[in-house]
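Order of writing sets the labels: A, B, C and D. Residues in every chain begin at 1.
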Amino acid sequence: MPDEKKRTLLRAAEVSALEETGAHPWNPNSQLRGTRLGVPCGLKRTGVNLMKVAPHKESFILHAHHLEEEWVYVLSGRGIAEIDGKEYEVGPGDFMGFATPQVAHHLRNPFDEELVYLTGGENREVEIADFPKQGRRMIREGSKVQIYRLEDAEEFGPL
Amino acid sequence: MPDEKKRTLLRAAEVSALEETGAHPWNPNSQLRGTRLGVPCGLKRTGVNLMKVAPHKESFILHAHHLEEEWVYVLSGRGIAEIDGKEYEVGPGDFMGFATPQVAHHLRNPFDEELVYLTGGENREVEIADFPKQGRRMIREGSKVQIYRLEDAEEFGPL
Amino acid sequence: MPDEKKRTLLRAAEVSALEETGAHPWNPNSQLRGTRLGVPCGLKRTGVNLMKVAPHKESFILHAHHLEEEWVYVLSGRGIAEIDGKEYEVGPGDFMGFATPQVAHHLRNPFDEELVYLTGGENREVEIADFPKQGRRMIREGSKVQIYRLEDAEEFGPL
Amino acid sequence: MPDEKKRTLLRAAEVSALEETGAHPWNPNSQLRGTRLGVPCGLKRTGVNLMKVAPHKESFILHAHHLEEEWVYVLSGRGIAEIDGKEYEVGPGDFMGFATPQVAHHLRNPFDEELVYLTGGENREVEIADFPKQGRRMIREGSKVQIYRLEDAEEFGPL
């Protein structure tokens, strides 16, 4: 589609209109509203998303990507970031950046105000991510996802 | 440096403290303040930067990257985005995303209020970018940059 | 090591002198001699290897890479290539190329003459490979390898 | 085309049948016959080619790739390899590997016997290559090639 005219500008009103809801299936308290900003503009390798977590809800789940860089910039509200086993209260203007292989992290909103942040990172063809509290590893190739138990990993050697 | 403890959280106050100033050498009206957010956290392939353009100043210069995806999210103030030959007034919550090969674009602030935005994209090992008003092409390999005149490009064929 | 002088030429005698032996730990009949040709010349993303399989021995094991392209060019001797469930006798000048995701393949030498071939492909930072006869999947990140049972893969959904 | 059946085996007779002729337009003495082996098998990122240079002809031209790794393995005949300003006679079983950024190299056949070699390397989306004797730099993006004079490169700074 080399001749397809790509969008380059999304107005704030369109960003609101494109809002979707989501939740991580392994965390019953996960609940988000958000807009994928890069996708309508044709960005393929770079993700940028506007996310909103309602009071007393959580973003996704504690996780650590092996391959994809990721970042978060808080726009409004407050949240609790769990990063590598410690908790930090974060608010407007705070930035989090997770180089690879990532330490495990998670963002939740135990406060009474909506937490709004911009987040993004790499969209790689293949990703490996760990979910330490569920003891699971995710292998994603394109859009195909498979889950393994971390404890099922064997070393390479005689079977 | 696999054992070096990477930073994951930059507080808003640290973001301010890390602010630098910059300007594009080919545009006398280019003048910015800004903080590289990804670099202190060890992000290598993903750039994220907080940028501020004073009233009546411009960000950089009209340009089009061939290889690196790029995006802009306006936080406060207003600006004029020149995108592919047209001008758009942009303000808080507006998003711009430039898929590759990019159309030429530039952001300036002709207003009386500071323009603040978050911007980012890919950091690739090699980049080719065009500056149509200067008639120049930039070839960057790592940190080494060389400039050619667009009009000096020859087709491949007998010399 | 930007200033280290890289080797560019390996003489046939040096290729012989650099020969190593190897075997796949899951196949008791796997036994090879071979020389890594790209490594001494500093090739990082491209593998090229000269391989020799003695009469009645096998190269490695039936496998399918998900991410790394691979090829084989037979120099001398004969072999049996098992490719996607079928067997083919191969000899000098025959070429095999395995695009990704690969079909499962394996090369063995049931004949009385040594089988010699050049083989190569991509060296990617991350690889996923399946071993259908052992029911195993290998996940390699850099030099770290972990093995899962193919049957342990779960779909992504509620736990 | 995920369901298209990819070829995996090219018989020696098919390799001969697929032979093409070529020459580098900047070297009047360049003349080759050869078969692209990876392409019919669907290899996208890895090139493998069987090449034949007639007596008293040359392969291509002295060049140095900046980004693509490259290798040569001599199958039969003899040649003169010019590598980084020195000349080496090469013959069967000799291997050359050019890590990036490459030193300038070229292969010619001043002898009375055909020179046959297998050669390959990376197929990258973007390549930069220098031709020191012509004082030219090639910029290739996909299949689009543009040529600049090496002497026209300017440093990045005030115009």
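Please note the rule applied: a residue touches a chain if its C-beta (ideal position, glycine included) is under 8 Å from a C-beta of that chain, and two chains touch if they have at least 3 such contacts.
Computed from a predicted structure; not experimentally measured.
Student: Would you identify the chain whose Cα-based centre sits farthest away from the centre of subunit B?
Tutor: Most remote chain from subunit B, centroid-wise, comes out as C.
Student: Need the CA-centroid distance for the pair subunit C / subunit D, whole Å please.
Tutor: Result: the chain centres lie 24 Å from each other.
Student: For subunit A versus subunit D, what separation do you get between their C-alpha means, in angstrom?
Tutor: Averaging C-alpha atoms per chain gives centres 43 Å apart.
Student: Averaging only over C-alpha atoms, locate the centres of subunit B and subunit D and give their separation in whole Å.
Tutor: That gives a centre separation of 36 Å.
Student: Any chance you could list the residues of subunit D touching two or more other chains?
Tutor: Not one residue in subunit D touches at least two other chains.
Student: Which of line, ring, star, complete and other names the graph you get from chains that touch?
Tutor: Here the contact pattern is a ring, one closed loop where every chain has two partners.
Student: Give every residue of subunit A touching subunit C within the complex, in rising order.
Tutor: For subunit A paired with subunit C, touching residues are 25-26, 66-67, 101, 126, 128, 134, 136, 138-139, 141, 145-149, 152-159.
Student: In the complex of these two chains, what residues of subunit B are touching subunit A?
Tutor: Going through subunit B, the ones touching subunit A are 6-12, 15, 37-38, 40-46, 48, 50, 69, 71, 73, 75, 81, 83-84, 88, 90-99, 103, 105, 118, 120-122.
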